[in-house]
C-alpha cells in the first residue's frame, strides 16, 4: 500500500505546477502562423509580459529554455574578448559565466559563496578600479535557484552609478520573475531575462530577454549578431514570423496567453504578496524544525531568501532519503540539492529544495510541509516540534506585505 | 491578496478529484457507437467494474446519477404496493425511501438517528415478525454520505438469514465503493449500486446497479418494467447499444476505462488500505482538535466511520464560516453539512464534511487538515493543539491494514 | 499502406463531431455541486437551451440519452392505460412507442412506411373520430434518424386544432434540434425533446424535455410520477441539486455551456441555414450518383429530407461494403442503415447513412462525398458522373435560405 | 451564413494537423526534470527519432524552431570565414545562407530558380574546381517549402564523391522528414535537420540535428562552439538535463513520444507511401484544373515534386483571393505563396500552397481539393473539369509505391 496514489504534487523549483487553464489553452489545433489571430496574440503577449517585468522597454521572446536566454542576451551585446563581471551566489551564476566563455567572452567571477548575497560594495570597488571601462556587463542572479539567495538589484545599480561605470546591469530572473517583486525600469536593470516554466506557469520551452534603450544602443554597435539570437527583428518585426525568427511556438503562446491573463487578473502586487506570504509559511515550519535538530535553512536571514524556492540541509544522505520518501509515500516530489557539494558530501545528498513558485495556494504549501514533517518523523531525523501549527498560523494571520 | 490562487482542492464528498488520466482519456473525438472498438470497450468495463464490487453477478450501467441508480434498482424488482424496509442512518436512506414512494412502493423507515449505525438485531426482529414476507427488500446505505456512518452489511445478511426471510438485501454503495472495503458476493448482498463520481474517480453521469441471480430471478417475475430502467437488455445485450438502452455515454466510458485501469493496477486491497489510512490521518487531526474545544466528530467510535467522508460539528454558524474561509483564503472547498439540522441550527450551519475519497494521497489530505487548522485559528474556534503533527504521524507510520 | 491514417472523420448521425472548445471545456477539475459557480452555470444553460428550442416554456434536463428523454416525457404526462397516437415514419417512432408500452401506456401506431412523411389528414381523421378524447398525446419524430424523413409539425398542430382535440403534440427532435429549423412555441408543439450529442455538439449523456404550460397542467393532474423523471423539481428547483435530481453532470455542463455559446454566437438562423446548405451539398452529389446507377436516396422529394442526416440505398451488401471501405481506406466512418430491412435484405446491408449535423463545414462535407465517390469507384458500384463538381457548386453558390 | 463553422482544416505547409493523441499526451502535469521517468522518456525519443531519419548516427535535439536547427548545425561545424556552398531552389535555401552569414561564414549561393531542382553536375563542377577544399559544406533543402521542389540527395553525394571533395553534405529536411522518403545513412548525408511541426506532427518548438561520425570529427576540431548550440553534451550527456542544455521541454517530449509511436506503429515505409499517394491525389486534381485554364502547378515534372507540399499559381491576385475565400466560406486554410514574387506580382498574390503533410488521410485531402474546386467556381477562375473525380480515382485505385 502506498499513500502516494492521488494527484501528484511537484514542489521542485521549476517547472512549477501548470494551471488547468494553461494546459487547456494549449490543447487545441495549430493555427495559421502567417496571418490572422496569431498577430494579435503575439502583440498582446509582448505587451503583457512586459507588464510582468515592469518595463516599458523591449522584449525578445525565444523558443529556448533559460540557458538559451542567457546565450541570447550575451550574443546581442558582447563580442569575443569582451569582459563581463559575474558576482556569484550559487551555481547558476557560474552557469551563466560558462555560457559567456562559450561565446568567447571573458567572465570575471566574484565569488560570494552559497550563503551570502552579493556585496555591492565589493562590486563598486571593482568597477571603480576599472577606469578603462573594460567590463562591459555585470551579470547576476536575482534569485539563484540552487541556493535560494535573493540579490537586491538596487545596490548593484547604485554601485554602477557611484563608480560612474557604463557596464550594463543584467539580471537573471529565471527563478524569480512573477514570484519575487521586481521592477526592471524603476530599479535600473538594463537587461532582464526569464523562462516560461516558473512564475509564468507555462511548460518549459519559451524564454524572454527584456532590454532597455541603453542595451538597445549597445546592440546597435555590434558588428555581427547570430541571426537566431538577434533581438532586433524579434523586437521590431515587420512580419509576424520575425517575432520568433521563423515558425512561432503556437501552443506555448496559447498557454502563455492564459497564464498572463491569470497573473494580471490577480494583479502583480497580489501575486508577489501571495508568494511572500507562502514563503513565510514554508519558513515558519523550517525554522521551527531547525530549532530541534539536524535541519538547517540555507539562509538564516529572512531578507535574503527568495520567495520562490527554499534550500535546506538535513545532514549527509538525508536530503536524498527525504526526497525518495516523500515521492514514494506521499505523492510529493521535492527538488534535489544543486551546487551544494562539500568535501564531506561530494554529491550534495544532504540537501533538498522546496519550490514554492507560480500557481500556488495555501493548501498546496501546507500539504508540502505536512508531508515533510511526516518524512522527518519516518526517517527519524531530529527536528523541532510545532512546525505545522506555526505554518498554519501564517496562513491564518498573514502579515500585510506592501510593494 | 488571497492565498487561494493556485490549484484548487475540492474535498467535498463527491465529485472527488478526477485523475489527469481520466480527463485526458475523455478528451477525444466521439467514436462509432454501433460497431468497432466500442464493443470491446464496454465488455472490458463490465468485467472490470464487477471486480471493483467483488461480484461475479451482473451489472447494468445507467447514464444517470446515483439517484437514477436508486430508481433503476427499485424499478426492476418491485411493483406499486410492494413493501420495503429502510433502516436509516442519515439523509440518504430517506432519499432512497422517497424514491421508492415515487414508484408507488411502501417504504417502512426504521430510524437510527445520525450518530448510530443500523442495529441488525432490531432489523431481525422486524423481519421475523413479517411472517407473511410482505417486506420485499431491505434498503440500506453502506455509507451515508451525510452522517459518514458506515453500516456493516454482514450483520444485516445474518439478520435476514436468521429470520429466514427472503427479502433482497440492497446496499447503496454510492459513497463507499472503491473506498471502503466491500465484497458483494462474500457478504451476501443481493443488489449493490454506486455512481461514477466518488471512488470511481470519473465525472458524475454514470451509475451502476450490480445484482446477483436471486435478484435476477425476482426481476423475471415482474409483470412490467420501464424500458429505460430494465436491466435485462443492459446486462444481457444482443447489440452494443442495448448496454445503455440507446446511445452509449462514449466519453464517460473512455474516462471509466482509465479509472478502472488505475484501480486495478493499484489493487483493490491497496486502494482500501490507502483510504483506511488516509481516513485515520483525518481522524487523528480531528480527534486532537476536539480535545480542546468546539469541534466534534459526528461519530466517536472509529469502527463506525466511513473511510471516504468525515462529518464534523463545530458550533452553530461555524461550519458555514469555516467553509467560506478555506475556499476564499486557501483554495480548499469543504463539503457542507447535510441532513444535520437541529432545532437550534435549522440550516445545519454548525457542520461541515471532509471528503477523502478516490484519487487521494497524503499530500492532499495533509494539506486539507493544515488548512482547517489555519481556519480554526483564523476564526478563533477553540481547538486542541498538536493536531497536524498527529496527522503527519499516521502518514509517517501507517498501521498495517489487512483485508 | 492505408490512406486512413490521419484525423478520423465520423459522419454517423450522432454522436456528431465535438468541437475542440467543447472538449476543452470538459477538461477541468470537478466543481462544487452545492453552491458557487454551478448555480449561474445551470441557470444560464436553462435559459440558452430554451433559445435553441425557441420556447419560452420550461425545460427539464436529464442525465440520460435520448431514450431516457422519451421515457421522462411520457412519465410526466401519462399513466398506465392512457392511449397515445404514434404516426410512424421510421424505426425511432416505433422505439418511442415501445417505451410507452414499457410504462403501461397503450400506443396506437399509424404506419407511414420509411419513404413517406406523416399524412396529417389521416391523423386529423383519427383524432376527429376519437370523440371521447381517449388519445392523450400525439408522439412523432420531427426527423427520424433511420429514414431521414423530416415531418413538419405545423400540419399536425393544425390537425389537432381542426379536430378540436386536446391531446398533447409531442415532438422527438433528437436528430433535428439545432440542425433543422424548429420553433416550438410558434409551431404549437407542446412537448419537445432532444439529446446532447447531435446538433448540440456535446458528448452523449444529457437529454432535454421542453414543455409548455399546457403540458405542465397535465403533469399537475398526475397521481404519481417517478421521482427521477419528475420534471417539477427539475424545472422549478429550490436548490441547485434539484435541477438534476441529485448530483449534477458537471463536465457535460461545462461542455454544453461552450456549445451553446458557439450556437448563439453564430445565430440559430445561421446554424439552420448552414445545415440546409450543407445538406444540399450532400444531395447534389447523391442525386447525380443516383442518375447513373445503383445508388438511391431514400427520399426523392427534397422537401421531405432532414438537413441532419441522409439515408441511402446502394444495393444489397453494398452499404456494408461501402462503410467498411471508407473506414479502412479513407478515415471516414459512415452510419449503418437502421430499420431498413426488407425481405431480400433482412440485415439492411444495402443501406448506409451520412450524418451531417452539428459542428460541420464545407471541408468536412466535401471530403465525405469525395470519399464516397472513391468508394463507389473502388467497389465498382455503378453511379452517375460529375457528382463532386455538383456538390462543390452548392458550396460555391449557395442559395439563399430564409427562416 | 457561413459554411466555415465546423472543425477547421489547416492545409498550410506546417504546422501540420496535430493528432489528438499528441495533444492529449501534452495535457498533463509537469514531471520532475532531474530524475525518474524523464530519463527513459528522452532515451526512447533519441532512439526512435533516429529511426525516422534512418540513421545510426547521432542526434541533438534543440528547443528551437527550424531556423534554430539551421544555426545549431552550422555553429557546430564552421567558424567565421569558412565557405559553404548553397545550391538554391527556393527561398529557404537563401534563408539558411543568411543564417550562415550571420555566423560569419561565407555562403556561395548557386541559384537554380524556383522551378528546377539542383543540377548535381553543376555542383560537381564547382567542387572539382575547389582543389584547395575551401568549401567546407554543401547545404541544400531536401524539400523547399516555398517552391515544393524535392531535391534528391543521392546525386549530390555522388557529385561530392566524384569530385573527391571532403565537404559535408547537409540536408534541410524540415519540410520533408517523415513525409518524403529519406535514408540519411544509405544516401550519404552527413548532417540532416528537421523540426517538430510537420511530418513529426508535434507543435512547433523542437528541432533536430542528426549527424554522422564524419560530422562529429569535424566538430571535434572546432576551437569553440557556443554552449547552447554545442551538440556534444546534447548527444553524449552525462546527466539528463544536458540533453537540452538546461530545462527539458517536458510537454513537447510527451507529445513527441506519442507521435513517434504513431509513426512507427504505421511503419515509415507506409508513412512515405501514404504521403506519396495523397500527393498524387492533390496532383490529379491540380493537373486537371490546369488543363482548362489559369491554374498552374509550380513543377510540371511529378518526379521533382515534394509529397508534403504543393505550390500553385492561379494568376495575379487570385492566390490571395482563393485563400481568403476558402477560409471564410469553407473552413479551409491554405498556405500563402512564399518567395514567388515576380516583377508583375511583387507580393506573390498569384500563388498559394497546399500543405499535405503529417497526420493526413484521404478524407482530409479530398475535402481540401473539393473546397478548392468550389473556390475556383465561386471566384470564376477558369479551370479544367473533372478534377475531383480524378482525385477520387487515385484514392480508389492507389498505385503501388515501393521503397
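Note that the chains are named A, B, C and D in the order they appear, and that numbering of residues resets to 1 at the start of each chain.
Quick note on the criterion: a residue touches a chain if its C-beta (ideal position, glycine included) is under 8 Å from a C-beta of that chain, and two chains touch if they have at least 3 such contacts.
The chain lineup, named per UniProt: A, B, C, D = Alanine--glyoxylate aminotransferase family protein.
Keep in mind the model is a prediction, meaning the values are calculated, not measured.
Chemist: Most remote chain relative to chain B, going by C-alpha centroids?
Modeler: D
Chemist: Which of these, A-C, C-D or A-D, makes the same contacts as B-D in over half of the contact pairs?
Modeler: The B-D interface is reproduced by A-C.
Chemist: Nearest whole angstrom, what separates the Cα centre of chain B from the Cα centre of chain C?
Modeler: Taking the mean C-alpha position of each chain, the two centres sit 35 Å apart.
Chemist: Averaged over CA atoms, how far is the centre of chain A from the centre of chain B? Could you give it in whole Å?
Modeler: 45
Chemist: Hey, what residues on chain B touch two or more of the other chains?
Modeler: 8, 17, 20, 23-24, 27-29
Chemist: Flag every residue of chain A that touches chain B in the complex, lowest number first.
Modeler: 1-9, 17, 19-20, 27, 262, 266, 269-271, 273-274, 277-278, 329-332, 359-371, 373-375, 377-378, 385-386, 388-389, 391-393, 395-398, 401
Chemist: Give the list of chain C residues in touch with chain B in this complex.
Modeler: For chain C paired with chain B, touching residues are 8, 10, 12, 14-18, 23-24, 26-36, 63-68, 70-71, 75, 98-99, 101-104, 195, 197, 203-205, 224-228, 230, 244-252, 333, 335-336.
Chemist: Going by the contact rule at the top, pick out the chain A residues touching chain C in the complex.
Modeler: Going by the criterion above, the answer is residues 20, 23-24, 27-29.
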